[in-house]
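The following pair of complexes shares a single chain, chain A, combined with chain B in the former and chain C in the latter.
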Partner chain A sequence: MEILSLLLNGFAVAFEPLNLFLIVLGCTVGLFIGAMPGLGSVNGVAILLPMTFLVPPTGAIIFLGAIYYGAMYGGAISSIMLGIPGASTAVATTFDGRPMALKGDADKALVAAATASFVGGSVGVILFTLFAPPLAEVALTFGAPEIFALMLMAFATFVGLGGDDIPKTLFSICIGLVFGAVGLDIISGEPRLIFGDIPGFFHGINFLVLAIGIYGIAEMLWTIEVSQGDVMISQATLNIKRIKATLRELLGTWKTMLMGSFLGYFVGILPAAGATPGSLMAYGVAKTIAKDPSSFGKGNINGVVAPETANNAASTGAMLPMLTLGIPGSPTTAILLGGMVIWGLEPGPLVFTNHPDFVWGFIASLYVANLFSLLINVAFIPSFIWVLRLPFTILAPIIFVLCIVGGFVPTLDMHDVWLMLIFGVVGYLMRKLDYPMAPAVLAIVLGPLAEPALRQSLLMSGGSFSIFFTRPFAGVIIVIALILILLPLLKIIYDKKKKPTPAG
Partner chain B sequence: MRNFGTKVLSLGLTLGLGLGFTAVTVDSAKAWEPKKPVEFVVMAGKGGGADKAVRFIQNIITKNKLASKPFTPVNKPGGSGAEALVHVKDAKDPDHTLMFTLNSFYTTPMLQPKIKVDFSKFTPVGRMAEDTFLLWVNKDSGIKNVDQFVKAAKAAGNKWIMAGTGKNSEDNILTDFLNKAYGLNMKYVPYKGGGRVAKELAGNNANSTVNNPSEQLGFYQAGKTVPIGAFTAKRLPLFKDAPTFKELGKDFVYLMQRSVVGAPGMSKDASEYYQGLFKKIFDSAEWQGYFKKNSLQGEFLTGDALMAYWKRENAVQMGMLKTMGVLK
Partner chain C sequence: MRMAELVMGLVMGVFSLYLMWKSAELPIGWIAGEGPGGGAWPFWLAVGMLMSCIAIVIRWAKRITPESRSEAPFMDSRTIEMFALNTGALVGMVGLFHIIGAYGAIPAFLIFYLRFMGRHSWRLTGIFAVATPVFMFLFFEIALQKTLPKGFTEPLFLPIFDFFY
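Moving on to the complex of A and B:
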């Protein structure tokens, strides 16, 4: 009851005309920032941070929070339409969103992404409202062994799947892990794999560079080859009948939505994880639990719903450690945290008692921002669809330019642009040889999180692997991960048992 | 209607990029002033302590209209600052390139001689503060002073976990000092960033840390962690109950500079302009408030005095790394 009255007070703050205006503005700006390849919420929030001192602190964080939210919605747009991840968090959305668009179901994918984002965001913010303090305690005790266990589970969901070629999947994961290892190793303090001291490798390989290369450039090369320069237009239409049909289909994905929301939220609250691993894991789990895993990657609506619910739930989840522990759960919240310090607010365990107006105003604004992001997004869907009707001869150069800009913007380094082009060509060749690309992207995201966690855990235990089983959270997660990894093996045994007795 | 979609896209492009360059143009006459946006390189990633300080400074400049051109933070976190150092060393436009530095300004060139960076070639602009370090333990441990800490850590031996930020970092130097000074054998576990280190202590995944005050303040106020010793010359006003190691008979003071550095080859006019600007920022009410809140120390240093300070600190750091056995 106390929470309810605090939340109502929060809504009173969120509905002040200035704050409401900031929410609408933030959602709209965020939508476009998210839709621009390379310009994810991190850059958007960083660029707009200096402008926020024009308004009071509560308004400022509401504005930045709305941008964050809008960007989560927006990221899906270019993932689906152009096949270029609009933001790092939307990489997983390309896996099935792009094939849907190519089949002529772009409208369906966009509506699904918007709806899923709304559901994920809503579940996330409700969990946030109800369980913020206890969840903060859980996040606090989550150490390196638990993080490694979780990462192992994420890898397991990508390996332990029927359908894909397992050796090729493993190869793809290994390539991603090697790329993820480039740069400074914090544990030894030494730079690794920098190819004779090329300064551009000091900061590691930004995985957005890999993702844009593989999904933007390689995809375009592929399309050019397939169409042989013919005009290729995806038949995208949008009308009420189709929206109704899509919504009906979405009702059938409720399980995926719930899974994506809870998983995304939980991964989001863990410090240092954030929305990108959350959405990738949700995709992997959705594929694992699906009846028809082989249809994933070919335009399964669940493959859009899972990452989109998860990334929005995770973005809300990431606010939790930011507010209550004063440590960021994602790169974007790291900037928000910096902003809070600038505005004179002290995030930390006492923020709920010291600044209740601010915290609850912000939480309430997330509800409002979520709704407005949905409305604004849906309103823009028709215009996004028109883009797809452009002839490919016009679209291809636009995609190419967007990829270059997207590769340059995050680090402002030409080195990354060259790297992206190389990845594009390599990605195209790998695709020709039928290697799955998603595991490589997953590995370059999760590798840099998993590897230090593994080494930190082993340092803590003095080299003994028992640390992963003796700690309750880590133990449970590791066991699930191991089962998932062994799943294909179990399937083979099961199938063999089944065959000799077809009658019984 | 076909054009509409492209318009939407180009709108997004202009909006996103345009916002980065919201320049305030003022016609100037006599004194040197930046002619284009100033690149303000940060030796650390987005959201870290250094990054927060740079964005705070950027805000002070914009809010008080201290400069005619905007200052754009550019994060170059790679290789413990090696990436930033190389970038600024080779800056194409030294008059418009600044860098916000930490102690890695000296230690990284020592540890990575391949990057061929000589810190004395850089232009001294201003030392904005010196950050302080304390020894922290979790409140649940019941440890209240350094004596109890030493006793517990000795008993645990190599099982005592000290969390810190990366190998050969400031935290590692302090851990080595404690191990040597008290005959301990603590295990050093590196994490990315001081905030994460602070959280590992509060979550009982480490036994002790040597965080900056700003990193532990929240957990301290919530009663989760306690400082038991300070690596400063005098006790910190915010943590009066934590004695200095000097008081405890170990003459050891360790601070971290937070200084603004200009690119090598910056013109005299430009360096004078930046020195004056950062003095104004240092004196601003905002910076002084930030200073107090984060328990920072040190007065403003610039020009030759700052260079002399760097040379002194460089020698001290080199000595420490040599005692650690990292440098020969």
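Moving on to the complex of A and C:
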């Protein structure tokens, strides 16, 4: 009851005219920043942080929280419409969102993404309200072995992601992880894998360079090959009847939504994990538990729902350790944390007692921001659909330009643009030979998290891998990961046994 | 397609060996007090890449994958033409970024693509060739303060920045 009363007070703060205006403004700005290739919530929050000094601290964090939410919704738009993940959190949405758009179901994919984001965000914020302190304590017990086990589980799901050709999937994972290791060795600080001594490799390979190369350039080259350069207009319509049909279809995905929400929320709480691993794991799990896993990657609505619920739930989860313990769960929350410190609001357990208006006003604003993000997103769907109706010979050069600019903006380095072009061309050639590219993109995102976790774990155990089995949380996760890795093999054995012999 | 499958497997195998050699520039074994050397992680991953390539070539030899059985050409002449035109235009645009900057290269690319490849009217081509860089400038440079390359056209933008700031 006490929580309910505090939450109601929070709503009174959130519904103050200035705060409500900031929520609507934040959601709209965030939606467009998230939809722009190369820019995500972290860019939006970082760029607009200085502008928040014009309003009181509570309004400031409400505005930044709304941008965060809006950007999480917006990331799905470029994934679905252009096949270019706007941010790492929306990579998994591309896998099925883009094929749905190509089939003429862009409206369906956008409505599914918006609804799933709303469900994920709502579940996330409810869990946030109810279980903030105990969940933060559990997450805090996670050390390097547990983090690595979690990463291994994410990689294990990739084996199921890549289709049937396991060697090509493993190759894709390994090359993604190697590209993630380019730059400076995190422990010794020495340069590592600096190809041809080119200075651009010192800052590593940004995941967006590979992601835009694969899902932007390579995807466009593939589409041009399929269309043979002919004028190709994507069929996409939006009307109330189709929205209703999509919502009915979405009711059938409730299991995926719940799985994505809970998984995403918990992964979001983990320090240094955030929404990206959460959305990738949710996609992998959705595919693993699906009755028709082969339809994933070809436009299965569950493939949009799972990552979108997870990344929104995770974005809320990531705020939990930030607010209660002063530990950010993602890069965006790290910037929010910085903002709180600047505003004189020291995050930690005491913030709940010292600044209840601020904390509960912020929590209540998350409910409101989630609802407004949904409404604003749905209102703009017709504009997004209009883009798809453009002739392909107009859409293609615009997408190419967005890819090039999107590849340049994160690091402001032309080296990355050239690298992106190379990845795009090689990715297109490999795709023609059925090499799955998704695991490489996912691996380059997770590699920089997995390597330090593995090295710290081995340092803790003096080089023994037994540390991953002797710690309870790590042990359970590793066993699940091993089962997932062995699953294709077990399936082959099962199928062989099931197949009747010619004599039988 | 069958030949392409083999060539890709072999090329990637050689690339894996290069990565193993490159990773070994840093220690790949155990360092007392420091744990695994800086090269260990990429080295063993490159080993994983090599093993995968060996498996791909073995499966090619046994004709297990659809690509290893396919006798269809990897690219027909029309595909090669489209591929060359598109990648050529992209390389040209990125190259021009260094010389005339984004705001010269983007219109040039759009004019080439829309007018000469897409055969759209000069009017439509002109609208996109002007509107796209203007939008890019306002969104990236003014709203988000992310500077795009300008090459030798840099001084031309100074009065515009003076106007906005």
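In this text, the second predicted complex is superposed on the first by the 490 of 504 C-alpha atoms of A that agree within 3 Å, B and C clash if a C-alpha of one lies under 4 Å from a C-alpha of the other, contacts with A are read in each partner's own complex, and residues count from 1 in each chain.
Rule of thumb we're sticking to: a residue touches a chain if its C-beta (ideal position, glycine included) is under 8 Å from a C-beta of that chain, and two chains touch if they have at least 3 such contacts.
No experiment lies behind these values; they were computed from the predicted model shown.
In the superposed model, A:D434 lies in contact with chain C only, and not with chain B. Of the two partner chains, chain C is the only one touched by A:W418; chain B is not. In the superposition on chain A, contact of A:G204 is made with chain B only, not with chain C. Of the two partner chains placed by superposition, only chain B is touched by A:W386; chain C is not. In the superposed model, A:L337 makes contact with chain B only, not with chain C.
Applying the stated contact rule after C-alpha superposition, one finds that A:A245 touches neither chain B nor chain C. Touch criterion met: A:I398 reaches chain B and chain C at once. With both structures placed on the common chain, the touch criterion links A:E225 to chain C but leaves chain B unconnected. Annotation: chain A residues 36, 39, 43, 47, 187-188, 190, 398, 405, 412, 456, 459 touch chain B in one complex and chain C in the other.
Put simply, chain C touches chain A in their complex at residues 1, 4-5, 8, 12, 19, 22-23, 25-26, 30, 34-36, 38-39, 41-42, 45-46, 48-49, 51-53, 55-56, 59, 65-67, 74-75, 78-79, 82-83, 86-87, 89-91, 93-94, 97-98, 102, 106, 109-110, 113-114, 117-120, 124, 128, 132, 136, 139-140, 144-149.
Within the complex formed with chain C, the residues of chain A that make contact are 36, 39, 43, 47, 165, 167-168, 170-171, 173-175, 177-178, 181, 185, 187-188, 190, 192-193, 195, 217, 220-221, 224-225, 228-229, 231, 391, 393-394, 396-398, 400-401, 404-405, 408-409, 412, 414, 417-418, 421, 425, 428-430, 432-435, 451, 454-456, 458-459, 463. Across the complex, chain A is touched by residues 1-2, 4-6, 8-9, 11-13, 15-17, 19-20, 22, 45-48, 51-52, 55-56, 58-59, 62-63, 73-74, 76-80, 82-83, 86-87, 111-112, 114-115, 158-159, 161, 165-169, 187, 189-192, 195-196, 198-200, 202-205, 217-219, 221-222, 224, 289 of chain B.
By the touch criterion stated above, chain A contacts chain B in their complex at residues 29, 32-33, 35-36, 39, 42-44, 46-51, 53, 140-144, 183-184, 186-191, 194, 197, 199, 201-204, 271-272, 321, 325-328, 331, 333-335, 337-339, 341-342, 344, 346-350, 380, 383-390, 398, 402, 405, 412, 452, 456, 459-460, 462.
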